[in-house]
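Below: one structure, written as structure tokens.
Labels run A, B, C, D and E following the written order; every chain starts at residue 1.
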Amino acid sequence: MTEATATLETRAARGRTRLDDLDLPPGKRVRLQRLLYGHGVGNGTLLVLPIDQGIEHGPVDFLPNPASADPDYQWRLAVEGGYNAIACHWGMARRYMKPYAGKVPLILKINGKSNIPSDAEALSSPTATVEDAVSLGADAVGYTLYVGSPNQDADFGRLMEVRNACEEWGIPLVVWSYPRGEAIEAQGGRDSLYAVDYAARLAHELGADIIKLNVPKKGSKDDSMPAAYRDIEWDYEEGVRRVVRSAGNSMVLFSGGSKIGDEDLMDKARVAMENGATGLIFGRNMWQRPMDEALRVTRDIKGLLAGFGS
Amino acid sequence: MTEATATLETRAARGRTRLDDLDLPPGKRVRLQRLLYGHGVGNGTLLVLPIDQGIEHGPVDFLPNPASADPDYQWRLAVEGGYNAIACHWGMARRYMKPYAGKVPLILKINGKSNIPSDAEALSSPTATVEDAVSLGADAVGYTLYVGSPNQDADFGRLMEVRNACEEWGIPLVVWSYPRGEAIEAQGGRDSLYAVDYAARLAHELGADIIKLNVPKKGSKDDSMPAAYRDIEWDYEEGVRRVVRSAGNSMVLFSGGSKIGDEDLMDKARVAMENGATGLIFGRNMWQRPMDEALRVTRDIKGLLAGFGS
Amino acid sequence: MTEATATLETRAARGRTRLDDLDLPPGKRVRLQRLLYGHGVGNGTLLVLPIDQGIEHGPVDFLPNPASADPDYQWRLAVEGGYNAIACHWGMARRYMKPYAGKVPLILKINGKSNIPSDAEALSSPTATVEDAVSLGADAVGYTLYVGSPNQDADFGRLMEVRNACEEWGIPLVVWSYPRGEAIEAQGGRDSLYAVDYAARLAHELGADIIKLNVPKKGSKDDSMPAAYRDIEWDYEEGVRRVVRSAGNSMVLFSGGSKIGDEDLMDKARVAMENGATGLIFGRNMWQRPMDEALRVTRDIKGLLAGFGS
Amino acid sequence: MTEATATLETRAARGRTRLDDLDLPPGKRVRLQRLLYGHGVGNGTLLVLPIDQGIEHGPVDFLPNPASADPDYQWRLAVEGGYNAIACHWGMARRYMKPYAGKVPLILKINGKSNIPSDAEALSSPTATVEDAVSLGADAVGYTLYVGSPNQDADFGRLMEVRNACEEWGIPLVVWSYPRGEAIEAQGGRDSLYAVDYAARLAHELGADIIKLNVPKKGSKDDSMPAAYRDIEWDYEEGVRRVVRSAGNSMVLFSGGSKIGDEDLMDKARVAMENGATGLIFGRNMWQRPMDEALRVTRDIKGLLAGFGS
Amino acid sequence: MTEATATLETRAARGRTRLDDLDLPPGKRVRLQRLLYGHGVGNGTLLVLPIDQGIEHGPVDFLPNPASADPDYQWRLAVEGGYNAIACHWGMARRYMKPYAGKVPLILKINGKSNIPSDAEALSSPTATVEDAVSLGADAVGYTLYVGSPNQDADFGRLMEVRNACEEWGIPLVVWSYPRGEAIEAQGGRDSLYAVDYAARLAHELGADIIKLNVPKKGSKDDSMPAAYRDIEWDYEEGVRRVVRSAGNSMVLFSGGSKIGDEDLMDKARVAMENGATGLIFGRNMWQRPMDEALRVTRDIKGLLAGFGS
């Protein structure tokens, strides 16, 4: 065991970031306490139901389960399934939250984009303000940062303003930290260890309280990563460990991505939690199913999360 | 009947969005009540007369009926025909409304563009503010969103500000949701089911109260749509149903487009209403005719709308 | 005579736009009254002396009459000739108006550009604010709109802000409405009937009180106009009538353009006035002459305008 | 003698712009009085020492006289030489002015750029505000306008804001009016009579109190000037007269440019003053010398200026 | 010895910039006093530990010493090593400073960028405001200026605003002055004497209190430098002297760059200090080592600095 590996394991051993370890303004503490301990399993883990795909991908994602095209579907699933939070844009919150208000926390997604135009210079566009989140009684805001995009100047500037408003209002900031754009595609691709590792660190230094990441993958473009990354030996679990470490004391959520088999999903969840994640953000894997099935899988995942309390 | 089809029909059976079902700030409720029940047929349907073509296309649209070049023509038609609203830009409202003020509601169109420059990176440009609409006594504002345009970043940002001003002032927001730009032309074209379906959902999630859509059409570019859309079997009625569904609980207006035969127009109107639309926005099909003829067709359409009250 | 032609003639018969017919805020009424009836011929017509060529073309326009290079020359001509207004930029107003203050109304031109860079994406740049115009005691502001330019988004946005400031301060808005840029050159050219007709309508809908137009011309690019325009049969007089009609109840000024023969100039003026123009804006045709000659031609034009009172 | 030439000579005979002839706000009058009569020769002429080359060219300009790299050098020269003003950026004013404060007026240069990137779309960038100038006790601000640059839209807008702040605070505005960019290079070049003449007029109409110009030069690109300029017959003196005339009642400063022989410098100064200039702005020709030599040349130039009082 | 060389040596003999020599607002004096004399060696020299590499390069820089990936590592090193300051971004300050608050001064880095996109038009993006620095109790802010970048217009404008906020709040401004972008690469490259010399002067004139520079290097692109620079004869020490001189009375910090041998590092430090630097900013050379080793090298460097007090 090299010294470097030892350090990594030590850190993993320290476990995931705990709310008590953080120096936070009081409003953030109130809202994170509610998110982490007042909902979901209630043990400091997070299970978030995202429904921003209508903007990011369009209604195509609802075709496998037409019932999911009705925004009420995800709100109902979030409440009946007992999620820690639902994450969606303003229209879905303002127009559907009434019967569910206060029953499940809201993470208001405040930027987004359609995937019709090219991603070469990706930039997520404003759909709401931090003040909108306060008005809606949200417990956090979600901001997408496109790490490595040629448009990073606008992205950094906007994130800074959002972060400062979050600090002022006491709203936790969840950063969807996604490597994207022509430059990263030429240096290993968006899912490479290099890309996700950089994304984790960047979101952390820029002030995220919670960071949503994809699990890094080995891929055909790995040879175009910087040399030091090409030399790392890693497997899936080590990939998770590394990017969690690069997120510092920000909490990490891993996404599920497109729908996969149930066993794979449970496995993905388990590895994430065993290696330092605070929680999971599973959308299509949940709501691209009939309600009863979605509730069953939700129960299974929550059962797993129950074993990772802190 | 597959499960998916069943769900679609169930929803269609539930009928169109009703004002009472919506959670709205009081000013929006007042103005929507006036639009839906205080004018037109007065049964919760909408018939809107748009006259923004002078900006969007230029005076070329007035050539078939030169009398229509005088803005007074459309105002007179809107009042004498008993429309639910006239939709126009500031100049036409401020300089011609005096004799008609309060006799027909105004939807102030607050952005527009000439069609002289390329549409490749389409972006509709500001022509008025939400505050202007309040000052003019308007009952709604109209905003054009060019779904899929490479300029979507500016478009989203502007729409967010307009939406928030509408929320603050209690003015309903009507979004002209148009797929446009080089990217969508490469993925099925602006009138494809994929494009219109995405446009409906996007406008809904971004906070539209009412969405103006074109009815999707099958076309020569359909093979370049995303795979899942290529596999859908649909006809004209199913197309209407699908995009109405994707608009969530936003109300949907279908446009008439360029002038068509009277029978086709009535048919178009009927199918739209039977499949969930709240109303129609017919411009050239109305005012590209002598006044008596325009009033006759208006009566016919209102007769049809009378059968779709709620 | 077709119905369309009949309508056109009826409208022409109704005569030019009269101040009493307009619904205006009080400050605009005060200032337009002064412009139309307090100066010039005083019969509701307008004769404006523009001197913005130093910015638009540079001192080259002063070479034919070097005396005209001294800004005092145009101020003196405007006062001694008894024009309805002089139109110029801030520097020329602030630094030369003192001996002439109140003797001739000022139309403060508030944007402009040098013609050194390419016109492909033309955009006129701010040189003063509406508030500057108020401070200088101006009776109107002048704004150049480049109709059809790829830069129309900035142009529309700026015009909207200017228009709203004009509405607030009660300052009439004169729009120099010029088709310009690579797109219109590919669709008939800047002086085509299509282009000028569109320019007239656009400026009107965007809120101009007065619109400065060039008279449309037949040209070698006419075949690239939209089909409907290619089919119109028109002569010089009909061209004037058409674009005046497209300007709605905005008043229209026609420009003289580069210097032409005296007889041609009188002819141009007569046709403009006979076909609905409110007045003329003649610059180089006036001040590219020795003072005595300029005063003589001014008298001749005013003699002609005397026959078009209302 | 043609009429045009006669007019030019008449104007030259009228002499340079005098402070008493100008209509100015009181603060500008106070500060111009101090600049013109309270320092330098004190007879209404100006001798300005510019030291903005560290930003515009980099330290390369200090290589011929390394002592000049210490900003204190120019401050000392300005005070000991008795200049009318020193012109420099914020850093040089704020960090070096203390021992010299009030002993020589400051023209705070408020924009600048390095010459490393291409000049094709030249735009000078903000380095201070007009309010900074007020705070530093400056007697004027300096703004560089790149006449003819494709970036003129930003340039005009910034100049307008600076000009209005100058008007409000009563600070005279000195415009460094430089033809620059790819378009002017294709139409005669930056030093052509056409270019400098246009620059003089543009700065004047945009509101400059004082304009810094380079003397126009005949050059190899003259054939690409507009036709009317190609036909003008002119020599060095006539060139000065023409551009001074185009500056209207703005005062004109001519620059020395890169270092030339002493006799040539005196000659340049004499011709400028004889043909209407208000003064000279000589930098490298002064401080690229040892102090004693610089003081001697300063005395010689001031001796010459003494003959041009008003 | 030529006169030029004499002047250089005289200036070097005068020694480095001393706080007492500067004309500063009181807040800057308080904070610089604390930075220079209250921490580190306490003799007016500076040793700064930068940890912004997580943003600038990504986690790749932590691979040689995985412990350094934990932001706490650098904070601990800064406090235990007794540095004059730690320089980092908001996330690292806000989330890790608590146990170290007040024990080591903070230089809050307020802009940054990932190195994934091209550097051709480099621009550092906002990550915090000057007010954030005040709130965090920082003793200075750090701003990266990309000298010569085609994006210099935005860079200058931002720096001006930062500088003015620093002046207002009394926070010293440290400028990371880096030649960067396609234009400088074509004129000698980012590390050439020409480039670094220009960078020093530019940051100084724009108002930096302290300037971070790289030591200039001879390189293969030297022939593309401006002629006057090609003719200079210089060695490493002369290079340091020259760029220190061009920084005027701003203090200069030299960076260590990527990790080098201990002897080279000490040598680099010594030459910098002997030739006018105020201090050193060494990051990777410090924290890319186990803690005990890092503390040992820190002691060695501080020992050296002890000999350069003032």
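Here is the rule we go by: a residue touches a chain if its C-beta (ideal position, glycine included) is under 8 Å from a C-beta of that chain, and two chains touch if they have at least 3 such contacts.
Fair warning: this is a prediction, and the values are worked out from it, not measured in the lab.
Colleague: Over half of the interface residue numbers used by both chain D and chain E, so same, or under half, so different?
Modeller: Looking at both copies, the contact residues mostly diverge.
Colleague: After a C-alpha superposition of chain A on chain D, what does the rotation angle come to, in degrees rounded to the nearest 5?
Modeller: 145
Colleague: Using CA atom averages as chain centres, what separation in Å is found between chain B and chain D?
Modeller: 58
Colleague: When the centre of a chain is set as the mean of its C-alpha atoms, what distance in Å lies between chain B and chain C?
Modeller: Between these chains, centre-to-centre, one finds 36 Å.
Colleague: I need the residues of chain A touching at least two other chains; which ones are they?
Modeller: none
Colleague: Sort the chain contact graph into one of these: line, ring, star, complete or other.
Modeller: ring
Colleague: What does chain B use to touch chain C in their complex?
Modeller: Contact set of chain B toward chain C: 52, 54-55, 58-60, 63, 65-67, 69-71, 88-92, 94-98, 111-114, 116-118, 123, 125-129, 132, 154, 290.
Colleague: If you look only at chain B, which of its residues touch chain A in the complex?
Modeller: 3-5, 7-8, 11, 22-23, 147-150, 152-153, 155-157, 160, 163-164, 167, 179, 181, 183-184, 187, 194, 197-198, 200-202, 204-208, 226, 228-229, 232, 245-246, 248-250
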